[in-house]
């Protein structure tokens, strides 16, 4: 290979005009990427670009996607170690190219060693400013929002990072169509009150105010994952909450016993197969509490509870909870939106919504959010 | 990372049941991949798979795609050096997975240092046999068949490997729909008689009988690129020839002067903008000659001249040449098929057919070839 | 024309195997068609078929569609008078053909002279039995369910029968996909509590138990339009209620003054643009009351409140009402289903959902009802 | 019905601004419609429009379609007799509406009594001028161009007018997309040299110069069907010839014996299943002769031989013939265009291309003709 002598290395702290996407700390030495869909964006006037990444994990490797001028051109597994990865090369040095490097996998709460960091860039040209998009959208959800099953063969059943994507996903499709910057906070299997397995600890609201509180372990603590998130730094115009699917599943899952307290948790079904009202009420209360928290953290945002890509059993309860919240608070800036259900034609791998289901959901959501963003 | 102690390394020569795709030599120590769409396929019963690749180039880096159970999950740039690349990990060790690693870029005739080799595998399980598909198809063509412009933003104009794909491509789509093994021989800018620039040396027929004669340089010679291809080793049921687009372009390009002989070459236009008949006749003769060579090399194959994705100016000449060939040889097993033209809606990057154009072309071709394969 | 001497005329009372679709009386001398989508179906083994229709109106002419072997082949305006209309001719006398003649227009409550009757058939062969479909679905709704705007140019604004269809319509598309016989009860502009204009009399529930109580006039009375409908004669498996759109509109329309009592009716908006709670409660009460009536009339049917093709402002109220009804009655066989909203791409004439919007809504509804019909 | 006292009757000769479509005579008292797709167009500022039609036939009844503001709203069988047909009523008298009444069936050469005439209009407003479209296209063809099988169930096999349409048809779709006035000359089963059954008389070229020479009988003669067509009255920018399908079929059909001369006609196959060269040459000569005639009649038109919707066996011969014609005449304004083949998904009734096949063919043709009309 002819060495490119014009390449210069810049630690991220020294690289001007690098835009960081996704909720994280303010540290750039190095930059830690926690959430799916997070990453960096830059406009490079140069022919070649490399990025120095550091990756670690016990079980779940990292995956990244590379987007050039708005189009994904590469998606790769990032294995353990500190590597220089070539993002592009051999291109016209005089033309500016928009580049995004995107974390394709959710934070793995069960693997405290999971780590994806960016240390430095190597370029042979200059970086130009990256403008903010006119809108900001935050997506909060579970496996659906984590893009679980949006890639790979329908027969795939292994729960592996390879089968998650940040881009074949209603979040990315919606944000692009709305010309919005966006952030994603999501965990597979988690809910508002409990996870799919009745575990009351795997609920998103409890960790919403932290940078990435769903993680565990000392290193993540040191990295600031558990610190309070600075909401003033990024205020969304719209918060889309796509939660409830796992809360619904919990009614059909075995009880969960807390290993420490020995306490048993279970969302119960009545004998006629309907939801136990007390347990359903607990879910509704959790929704109301979460809305209050979301409003506190995002005073001006329109909050949309978007639900339905894997059926709508919780929809009446969600409507009741949102109604009750609005009645009590007089907060008008909250609404419920039903997403289209997934069908045999639109399903992906791991019995999760596939790209067609996400595209369909996005197309409905886009029309709905456009109206909201007009006001 | 928890090291996977069950991983074992096998040089390709020792790995059973590795199926090689694409025209190459018989050498496996290492295996050299020359053509786009070439690669290896294996069925692994194991949880983890790595591949040792060696990559070199002066200018044009390599790209590969990884296909798991028939679905592309990864596409990455392969930079200079000898690397171990992880293809999959963390999957159910008891389930067999079909894996293809595919070269995403054509042989680069202008860069004699271009090299992509596979030395070894590392797996923690066993390889199972890979069955041959019921059909075999060979595609011969130019940039269209090389998948130039089938990925990336429409605005892209750089001639770089990143913008070529082997899979977003009518060849791969057609072969999959027909359940066929396939090979691709293609060079951007080349033709039957001359290249787009009137260069008479950049014609595919002259090199058709070699393993990969379009390349240059001593290393490629040592690797066997210029040796005669053993046609008995792989006989296609159908040969699809998608050539003529650059021969047509030559009429509108400046003359080409041979640097060694100083001789000037030009396909001429008449004053009324039509093709000079003598030059057109030379093209038709080249088509006839190529058909004779194709028949010699592929005695039983149905030969389909498939043309039209970037307009059909040469179609009458192609029909005349095929007619003349059939009249003279009484060979009935040759036909012409018009591919749908590319439109503003279906164009890709570098003003080449995009994925929609390739999908449309494939859908037409599939119906046509199904009929042929019935007989 | 060569007269077809084999033609014989049968009054409907004498014609065997004529299946009547749509809610009407038991009288066949003649048969009166009241509702859109109503009509007759027959299997004719013969070459030619005529139907004697009688049509009257003050303002709004009749329209019919003709469906041969499941495919619409003709749609025509039926003007005043008693006419013989040729349905088919010149066909193979030995082949049985399934024929449906379908009323394409809703009952016109504002034109008491509207009349569409079938007196007799003329055929040159025999009629074969028409089997019932395995399922029965009843659709109740407003202009959307009447197919207003499902045909004609987008610019059309006249409120004329020409712009209504029974077949380019989610009801017909859904019923066909479910292989169901179906009936439609619908009135443009009507609601559950009030019409779009706050008129409390234009509400469907008040007339649900009559054959076609939405009509007026002595002739309709004589024809039995106002008699009690015999619900035992046809029990649907599913009742789809697509109402609420006009109740929502009433909040934004001027008050309506009852010409007789002088009483003023208005669904009020709060100053902040939200719905007045008292008035919204009145709507919810109307929904609950209607559900009780629907259950009384259709003891075994699954009732689906399907709403959303022109926005979802009433959805929370609908959910509240359905919840309250279910809580009180323990009736589990009721659910709410959100239909996809209409967009600029899918709109039809008269600013109503077009065929694309109806097709999309039907495709969602079909998947949902299939699940219900399984149980 | 409230009689509309403002209605006035105008014989066609007295009605200003009625635009006649399709090749016919200059007579308006009455206007005879011969070809499919022919008819009248008018812009009416009024609320109501009736048309007086006269219909006759021995066997094959007439069908018409009614297009309001560019959208078909009605399609009906027209039975024997002289009838007033209501085209529209009850519309805003102040708004101008564009109305087309279109003959939906080809001239029936086997039924000399077939007749469709328009005598008069009845309107309650005024007619406004109808502008000519910027382009003119003439389509010449067989059953495909007659829209045979473009409506009705796939299982339909009867050869009846009901299964022909002028609008669900590549001709109408193409003309509308190109914003062109258009004419159609077509006969099911006919060819360039012979019909599908080897009958040498059922060839379009022999009758191309007459108004509607494919018809027979004294009445048609009196009506001017056999008079020379005045080509100066309407010169197309493009002539699309979609012929060859039946000439190809003739090779596979039994011989045809001329009842008068007793002479036997047969396009022969060689033993190896290929076309007999002499017979194929006769076809090519017929194509050349027809091109000469078309050029004489349409000096400035671009002639496109468009072929392929039911396979492409004659394509090489068509290319040879067009080549030979162009070589000899130096006429550059002629080209061959391959239409996409019909598949199981796109087929219609009577094993003919359905609406999807016509739409697909039109979409390809539109792109091609747009380029031509630019120049």
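Per-chain numbering from 1; labels A, B, C and D assigned in written order.
In the analysis below, contacts are C-beta pairs under 8 Å (C-beta built on N, C-alpha and C of every residue); 3 or more make two chains touch, one makes a residue touch a chain.
What you see is a predicted model, and the numbers here were worked out from it, not measured in a lab.
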- Item | Steps needed, at minimum, to go from chain A to chain D via contacts | 2
- Query: Between A-B and A-C, which chain pair is linked by more C-beta pairs in contact?
  - Reply: A-B
- Message: Let me spell it out: compute each chain's centre from its C-alpha atoms, then which one is farthest from chain A's centre?
- Response: D
- In angstrom, rounded to a whole number, how far apart do the mean CA points of chain A and chain B lie? 38
- Message: Counting only Cα atoms for the centres, state how far chain A is from chain C in Å.
- Response: 45
- Note on the structure: chain C touches at least 2 other chains through residues none
- Message: Which pairs of chains touch each other in this structure?
- Response: A-B, A-C, B-D, C-D
- Message: For a test of understanding, state which residues of chain D touch chain B in their complex under the given definition.
- Response: 272, 274, 308, 315-316, 319-320, 322-323, 332, 336, 338, 340-341, 343, 364, 367-368
- Which of the residues in chain C end up touching chain D in this complex? 1-2, 56-61, 68-71, 73-77, 79-80, 86, 88-92, 95, 113, 151-153, 155-158, 160-163
